[in-house]
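Next up is a structure, given as structure tokens.
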Amino acid sequence: MDFVTVRYTTKKPKLKNPILIEGLPGIGNVGKLAVEHLIDTIKAKKFAELHCKDFPPQVFINPDGTVKLVNNEFHYWKAKKRNQRDLILLTGDYQGLSSTGQYDLIEKILDIAEEFGVKELYTLGGYGLGHEVEEPHVLCATTHKELVKTMKKYGAVFKKNEPGGGIVGASGLLLGLGELRDIKGACFMGETPGYLVDPKSAKAVLQVLTKIINIKVSFSALEKKAKEIEYIAHQLREMENVSKEKTEELKYIG
Amino acid sequence: MDFVTVRYTTKKPKLKNPILIEGLPGIGNVGKLAVEHLIDTIKAKKFAELHCKDFPPQVFINPDGTVKLVNNEFHYWKAKKRNQRDLILLTGDYQGLSSTGQYDLIEKILDIAEEFGVKELYTLGGYGLGHEVEEPHVLCATTHKELVKTMKKYGAVFKKNEPGGGIVGASGLLLGLGELRDIKGACFMGETPGYLVDPKSAKAVLQVLTKIINIKVSFSALEKKAKEIEYIAHQLREMENVSKEKTEELKYIG
Amino acid sequence: MDFVTVRYTTKKPKLKNPILIEGLPGIGNVGKLAVEHLIDTIKAKKFAELHCKDFPPQVFINPDGTVKLVNNEFHYWKAKKRNQRDLILLTGDYQGLSSTGQYDLIEKILDIAEEFGVKELYTLGGYGLGHEVEEPHVLCATTHKELVKTMKKYGAVFKKNEPGGGIVGASGLLLGLGELRDIKGACFMGETPGYLVDPKSAKAVLQVLTKIINIKVSFSALEKKAKEIEYIAHQLREMENVSKEKTEELKYIG
Amino acid sequence: MDFVTVRYTTKKPKLKNPILIEGLPGIGNVGKLAVEHLIDTIKAKKFAELHCKDFPPQVFINPDGTVKLVNNEFHYWKAKKRNQRDLILLTGDYQGLSSTGQYDLIEKILDIAEEFGVKELYTLGGYGLGHEVEEPHVLCATTHKELVKTMKKYGAVFKKNEPGGGIVGASGLLLGLGELRDIKGACFMGETPGYLVDPKSAKAVLQVLTKIINIKVSFSALEKKAKEIEYIAHQLREMENVSKEKTEELKYIG
């Protein structure tokens, strides 16, 4: 096994000028939720698994009792209409654990993408604000200046110096290392409190992305998940308030 | 010395379609205790030592005053009856320290296993519950769906989504990386509090495993160790209770 | 991408016996501030970007909304007068994250420097004192004994056993590994409290360095920054005092 | 620069069947103190410097203002009498920082040792007890069983299961990896509180070692250092007692 190993689980698909879309685990799991939702709703098909020595040495247990070595997975989707493009969708269990490993992993992912002719890519993630977000904006950063205007048109937001720490991890490196290969791209970051997984933010990100790729998808599954998370968040706040009140009561009595 | 170095301490044994059984240090040391007990009772013979740059830079001191470089060790056992199979048993002082090192080490172990014709492997470990366990179940996960039914027959238990974190370390990777080489396998995880070494859980694991490999072994040595550990655990609980009572007394008086 | 990758952003400049000057992030950011100020005021020109797998996997976001993969950058400046020398100026976003990575990175930087004929180098940094500094001295250490006298002449200070911990990071390694290649050099360390970025210390360092390289520069930009930092430091001290007083008041009342 | 680089600072010495003696930084700095004392008193001559990417990226500052890249150093000493043997003495600023690096470094040191014909080695270190030691014993562990008896004869002590954690670092690995090359050896560990550098323990170790290598050395320099350390330890205990008394006084008054 090389540092990164790719195993094709179907015949290599023939794709025409495909766009790569990445959503791996991260803040609020926004990117992963978004890409997984897209894969499910457009019925993209898995064609390759990627294992990496910089992932944890771990297997997950499937519902049927079998194990699954942690991985990243490539899916593809072929355009149905004239104004659409073929897609490669990347998601997975982990990002690389080490800095060096992240670079090696992303280089390999770009190698594979280029093999299929990718010259354009979008990376999805969350932008943690640390406080509640009513209507999450979708922040954006691009590899090329001319893309800024385009992305604004689709509803993405550019705020000077935000995120202040830049973009760390796969979503950032795919742009940075991609640019060195003349691949154009943009990162879409849904605002999120960042405490829990955030399907609402994932929906916001997809609302921008699907306009760019000319695909209409239902968001009902994400909306249902968002309701569940909202309920959990509500419960947590309640518990916190009760415990605060109790503390105050005690203070009063004492 | 390569990253992993194997030193044969006897002539390479000739084995027929052997099964690999692994038990390295881990939660409750269940896997290591189980494989060591098996080696002792069936009188398996050491044939190779494995050193790895991802082990700690450490020697242990033998009772006779000599040193021993930390290692993993391979033992073999040749089938005595028609319904038995040759065995390779793997145990040792450490697992690899780093993620990448774990992958490299397990790949090398699988290389060696394949050299001897291994197409089937069982890995043993503990499943930490964080509370006392009266009768430890033996949880299981397999590489192939058809093995699930077989393992249930032998008394192994499959609980949906348990362990929730999957299987981390050698016991997981041997299955995950083994499957990529078409090696079939299962991991047996004895339930354990996880605080102390747990010979009781090791016995439970061996009760399942020995049925699969058609070997009858005495568990008296493990049972004796289990009694000793139970005594220590009892003492620790006593001490805890005494200190709790004292605290309460103080509160009452004050 | 190799472990370290260099991308020339202009044609390779032809330089005559150039001096390498390094200032990367570190204590008080003294070295980076100094080299950036020098680059700005003498209008040195960027000619190469260096990416390294030991930098964080990160892109920064430019004011125009595009991304920039974190890097180190080489600039050059050609001598204007007889008593001046061509310069290569190195600064950047990060130093290597790991020990091994630092060695690999500095070796590569020295390879590039030697390609351009560098036989002399100066590294700039801060020396953290942990207390306020009225007039920062510029401590020095050199690769060769004969340079000590020269550097004293230019105002650098040598204090026995200071810094006690030696010089850690790029500024130290460039001297240490440079010496193995017969490159002469010195490190200039401006005294600094070390709490905040310290333009005053950077100015002190440049006052010594510019004498050596026979370049006169205005320090007004650094002085302006120093005033701003002084103001911030003052505010922080005020806040601390207020909070101390409040605590004392409370004690008095209670 | 390779991962480990050796630079000969003199012509390679011609040595006859030399013994390697190692003392690098560690608990109580016992090994380093002992080997440095031996080098000084027998006037061993430095012949090689070893740099390693697993050392910290650091230079130290010499008293004359020049820098010194952190390293390990080889010295040699040629036998003066019939019953003596040529010696190679290894000491230095650091051990490798990572596990893998330690293995690589020790392998390289053994390569060099074998080049000079080393078939026997002694490693020196401290054994931290965590409490005061009146007369430090010198514990021992050997590569071969027949050496145990010999070392006892010279005053070394073998205690079953001590040190319980084995020997970690260069002193352990040189034995463990040396044995794989059929190099015989022993580690001598001077008992030490382990809080401060411990010249008394270093002297105890040398008293055993010098009998083995048939060299008489004065210990006056070590004894002087030991007195200084004892004085410092005394001062520290005083300070601790005073602060304890004060606390008690306060309790009494309050």
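Lettered A, B, C and D in written order, each chain numbered from 1.
One rule holds in what follows: contacts are C-beta pairs under 8 Å (C-beta built on N, C-alpha and C of every residue); 3 or more make two chains touch, one makes a residue touch a chain.
For clarity, every value in this text was computed on a predicted model and none was experimentally measured.
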- Give me the rotation angle that lays the C-alpha atoms of subunit C onto its copy subunit D, rounded to the nearest 5 degrees. 90
- Query: At the subunit A/subunit C interface, shared numbers over all numbers used: above half (same) or below half (different)?
  - Reply: different
- If every chain is reduced to the average of its C-alpha atoms, which one ends up farthest from subunit D? A
- Task: Can you check how far apart subunit A and subunit C are, centre to centre, with Cα atoms defining each centre and the answer in Å?
- Result: 37
- Find the geometric centre of each of subunit B and subunit C from their Cα atoms only, then give the gap between the two centres in Å, rounded to an integer. 53
- Can you list the residues of subunit D that touch 2 or more other chains? none
- Message: Taking the top-of-page definition of touch, could you list the pairs of chains it picks out?
- Response: A-B, A-C, B-D, C-D
- Query: Taking the complex as given, what residues does subunit A use to touch subunit B?
  - Reply: 1, 3, 5, 7, 51, 53-61, 63-70, 97-98, 101
- Query: What part of subunit B is in contact with subunit A in the complex they form?
  - Reply: 96, 99-100, 102-104, 106-107, 140-145, 148, 158, 160-163, 165-170, 172-173, 175-177, 179-180, 187
